[in-house]
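Structures given as structure tokens follow.
First chain A sits with chain B, and in the next complex the same chain sits with chain C.
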Partner chain A sequence: MKSNTRNLYLIPYVLWILLFVVAPILLILYYSFFDIEGQFTLGNYKKFFTPVYLRMTLSSFWYAFLITAFSLIIAYPTAYLLTKTKHKQLWLLLIILPTWINLLLKAYAFLGIFGTFGFANSFLELIGIGRKQLLFTDFSFVFVSVYIFIPFMVLPIYNALEKLNPSLVDAARDLGASWWTTFRRVVFPLTLDGVKSGCQAVFIPALSLFMITRLIAGNRVITLGTAIEQHFLVTQDWGMGSTIAVFLIIAMAIIMVATGNRK
Partner chain B sequence: MKRKTKWANIYLIVVFIILYTPIFYLMYYSFNSGGTMHHFEGFTLEWYEEVFHDTRLFIIVLNTLVISLLSAAISTILGIFGALAIYYVKKRQMKNMLLTLNNVLIVSPDVIIGASFLILFTIVGIKLGFTSVLLSHIAFSVPIVVIMVLPKLQEMSPTLIDAARDLGASPWNVLTKVILPYITPGIFAGFFMALTYSLDDFAVTFFVTGNGFSTLSVEIYSRARQGISLSINALSTLIFLFTIILVIGYYFINQRSSRPGGLGGRK
Partner chain C sequence: MKKLVQMFAAVFAVAMALLYLASHLNTTQGYSGDNTLTIYNWGDYIDPELIKKFEKETGIKVIYQTFDSNEAMMTKIAQGGTTFDVAVPSEYAINKMIEEDLLIPLDHSKLPNLKYINPRFLDLSFDPKNKYSIPYFWGTVGIVYNPEMLGGKKITSWNDLWDKDLRNQILLVDGAREVIGMGLNSLHYSLNDTNKAHLQEAKRKLGALTPNIKAIVGDEIKMLIANEEAAVGVVWSGDAAEIMSENEKLDYVVPKEGSNLWFDNMVIPKTAKNIEGAHKFINFMLDPKHAAQNAEYVGYSTPNQKALDYLPKEIANDKRFYPDLDSAQNLEVYENLGKRMLAYYNELFLEFKMHKK
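Now for the complex of A and B:
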């Protein structure tokens, strides 16, 4: 009797898993073995290991690394200071609020700010540096991405810091540890899980963002995501696109395992 | 010590200024009669008028709302089934496997979801447009609902179900009279998250939308690629206001649902 009801709930859910989780991944894998004419081939994989694609993969990882590193550097102190403020919940809400606004609108705002006569350039002129080409450079790409990802980095670190027992910090200080030693030996190791999940939440999307590269970086920065979008929607070479997607999935799995929390 | 807190405050204020500058920058120039995002000529509402008179845009907004409400409703139902399924599975290995598969779509990059769904719909023969967008929004919202509902189920005491069964309730009664009322806050939260994910999604929709059909974020992207037009600014101001209303609504739902929950715990 009981096993009957159990099976009934499983039917629609497992159907969903098979159709929209398992099937799409298998299809990507399947398509990666076909060329643009629909012939079975291993050529896509051969092509992926040519310098052109390897360099693209490397630069994509480099940008994702830069974006993650900068977000972490900015977000950790922010999260730390947030836990010390009076109205924590309100400030936290204010950090989260921008994430509810469509990413494209935020990217679009930077088209104006970084434009030739925009706010950033007027500021640069004011402090005597003079106008610079900001839009369509790798700087603007990294800046906008960091801007977008900061809240996603702050949130898990904030949660980890909140869970930290404050008496541990007091104990370390009582035993004569300096502020820096306390941070390095007590606070940071205990919030490492938050840092890891923050990095995970930033690094994987940073590999695959294509709308920001298209809007902000022109075609100067090509990430794995941009390449996939290009192959699927512009050149219609689904085989090559799927091959890159397969490598992106592998990279994702590696990152998940590397930053996974062992429980 | 005092110096330190001063610097701390300055740091936080700078971060907040950076976070909010682009948003207010957009809103400020939506009132610019000059037509650019750098030189404020004079106050005007003409861009708002343009937005309100744009019937194509109106249809796109309607599409977006219909897609997000429908997909949130359907994925909430599927997600409840999913959470119940995971809850009732007794074998630990099976449970973990289901949870892992559930989380695949949450952590996958949008590009991969979009590309793989595009292949899927093409093979199955679903025409790209309303149906494909709706199906993919349902698909990526289901795991989010499961994640929101499952903790509520797990914190429910199993003796409640046993008691109901002992008192002669049928499985259907147990579900509608005991389980569902208990997990209602989780269901609302899941529905709300699904709604915002759907409203916010760009990348997946962009892949599976085909030609004739468009949602708001796809439309914003294609307009922004053509350069600056202040009607996007006006639109974003309106969206920002709408978002704030949603956030406040969400906040109140949370407040209200946490109160009866607390009462229930006391009983």
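Now for the complex of A and C:
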């Protein structure tokens, strides 16, 4: 009887997984074996290993890495500071707040800010550096992406730091560890799980970014996500689009395993 | 557990209330029943006043939806589940939709205003005898530029874009056929060239243009050029007209090597529910006064001969937007090149985008 009801509770979960996780992945795998005219082929996979797509893969990984690294560098001290403030919930809310605003609106706002006559350039001129091209550069692309992803990095790290037992830090200090050693040997290892899940939450979506690549980087940065969008919407080469998606899924699985918790 | 059930009940109740409210709003605005007409058009491509007038004259409630590419529109219509009564695809898309049996033949007896259309725009190769489609707007692809930012320099040809002085000054539209076509045109090849050697040559030539290109963007191009973010843009003529109305310093030119001539036509897709109303709407838009009002609002060129009389002289006589089509400077219409060739164009475009400076 008891195990029966438990199985009953499992139904929504299993249905969900089957319909929205397993089935789509199988569909993508299925489509990746067809060419543009619906003939069975392995050509899509062969095409993926041509210089065009390999370079695209490499640059996707490079940008995703940059975005994750900068997010981490900014997010860790921020999260640390947050745990020390008086009105934690308020500050946390302020960091989450931008995620309530539509991504497209934020991207458009940056078009104005980084423009030749925008706010950022006026400031550069004011401090004597002079106008620079900001829009459509690698810098603006990474900057805006980091801005968009940072809440997803701050939250897990903040949670990990909150869970940290402060007496451990006190003990380390009592035993004569310097501030740096305490951080390196006690605080960081204990919050590593938060850092890992933060990195996953940033790196994986960053790998398949699109739209920002057009709006902010002016198609000067081409990621795998852009290519998938192109193949599905413009070329209607669903096979090639699916093949790229298959490789993205494999890459993500590898990252999940590599950064996963081995318990 | 009790709390959980309560929460579920609350969420369910709110969802039901919203559902009821939405359907109530729809019925009070006349969104149900057969007295509606769903129009599927490009964004910002009709004077909203005309929709209001049509609703008032006929008592038909118009639902207006937009798309941003022919491909997206075709996918949506082909997959069904929609009730679009009128759509406005471009010529090569119409050709494809006829092939795929997605359109309903028009009843010309219900479209008396068709007589106002310039015969030059009727009976074209993509739809002989206009069995399925009626001209809505036409235009070209060309270069909009800011002479002031270029120190008074004039641009007249595609090859002018390769000038070293234009470093980092060019914005392109994000369209494979437009950009590859520009490369082909600059080499004096046809826009519908399917010779792979020619296409590779065009791609190599475009690669050399990379240092001059600032970005490849979508609809934002209008805002960016009007704000003088870049001096030169490759755009559709109507976008150019819109940009020029915002920034008077700008000029538009159809390059002398030749360019694309395109037509957007009104069609009735297979998904239509209100075929009678769709004919009424098409005929309404063909009325010269309405066509003129629409052309003035949208900025593209109207195929309606009589409508030119109602347009301000400076628009109707502007050779940049109403070029003399018979002496036409090698203007070419896109042909439906087939999926495989289109994929090849897109592949080259992707490679071009990946060129590093």
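To be clear about the criterion, the second predicted complex is superposed on the first by the 242 of 263 C-alpha atoms of A that agree within 3 Å, B and C clash if a C-alpha of one lies under 4 Å from a C-alpha of the other, contacts with A are read in each partner's own complex, and residues count from 1 in each chain.
What we mean here is this: a contact is a pair of C-beta atoms (placed from the backbone, for glycine too) under 8 Å apart; a residue touches a chain by one contact, two chains touch by 3 or more.
These figures come from a predicted structure and were not determined experimentally.
Enquirer: When the two structures are superposed on chain A, do chain B and chain C clash or fit side by side?
Expert: clash
Enquirer: Return first, second, both or neither, reflecting whether A:168 touches chain B, chain C, both chains, or no partner chain.
Expert: neither
Enquirer: Going by the contact rule stated at the top, is it chain B or chain C that touches a larger number of residues on chain A?
Expert: For chain A, the partner with the higher number of touched residues is B.
Enquirer: Answer with first, second, both or neither: which of chain B and chain C does A:37 touch in the superposed model?
Expert: The answer is second: A:37 touches chain C but not chain B.
Enquirer: Which partner chains sit in contact with A:20 here, chain B, chain C, both or neither? Use first/second/both/neither.
Expert: first
Enquirer: By the touch definition at the top of the document, which applies to A:222: first (chain B), second (chain C), both, or neither?
Expert: A:222: touches chain C, not chain B.
Enquirer: Once the structures are superposed on A, label A:250 by its partner contacts, choosing first (chain B), second (chain C), both or neither.
Expert: Neither partner.
Enquirer: Look at A:102 in the shared chain and tell me whether it touches chain B only, chain C only, both, or neither; answer first, second, both or neither.
Expert: first
Enquirer: Would you sort A:135 into first (chain B), second (chain C), both or neither based on which partner it touches?
Expert: Second partner only, chain C.
Enquirer: Quick one: classify A:214 as touching chain B (first), chain C (second), both or neither.
Expert: Both chain B and chain C are touched by A:214.
Enquirer: On the A-aligned overlay, A:230 touches which partner chain: chain B = first, chain C = second, or both, or neither?
Expert: Second partner only.
Enquirer: State which residues of chain A lie in both footprints, the one left by chain B and the one left by chain C.
Expert: 108, 111, 115, 117, 214-215, 233
Enquirer: In the complex of these two chains, what residues of chain C are touching chain A?
Expert: 69, 71-72, 75, 168, 171, 174, 176, 214-218, 220, 223-224, 227-229, 339-340, 342-343, 346-347, 350-351, 353-354, 357
Enquirer: Can you list the residues on chain A that touch chain C in the complex?
Expert: Listed in rising order, the residues are 36-37, 52, 55-56, 108, 111, 115-117, 133, 135-136, 214-215, 217-220, 222, 227, 230-231, 233-237, 240.
Enquirer: State the interface residues of chain A toward chain B in the complex, per the touch definition above.
Expert: 1, 5-6, 9-10, 12-14, 16-17, 19-25, 27-28, 31, 74, 77-78, 81-82, 84-85, 91, 93-95, 97-98, 100-113, 115, 117-119, 122, 147, 150-151, 200, 204-205, 207-208, 210-211, 214-215, 224-225, 228-229, 232-233, 238, 241-242, 245, 248-249, 252, 256
Enquirer: Over in the complex, which chain B residues touch chain A? Could you list them?
Expert: 8, 11-12, 15-16, 18-23, 25-26, 29, 36-39, 78, 81-82, 84-86, 88-89, 98, 101-102, 104-105, 107-120, 123, 139-140, 142, 171, 196, 200, 202-203, 206-207, 216-217, 220-221, 224-225, 227-228, 232, 236, 239-240, 243-244, 246-247
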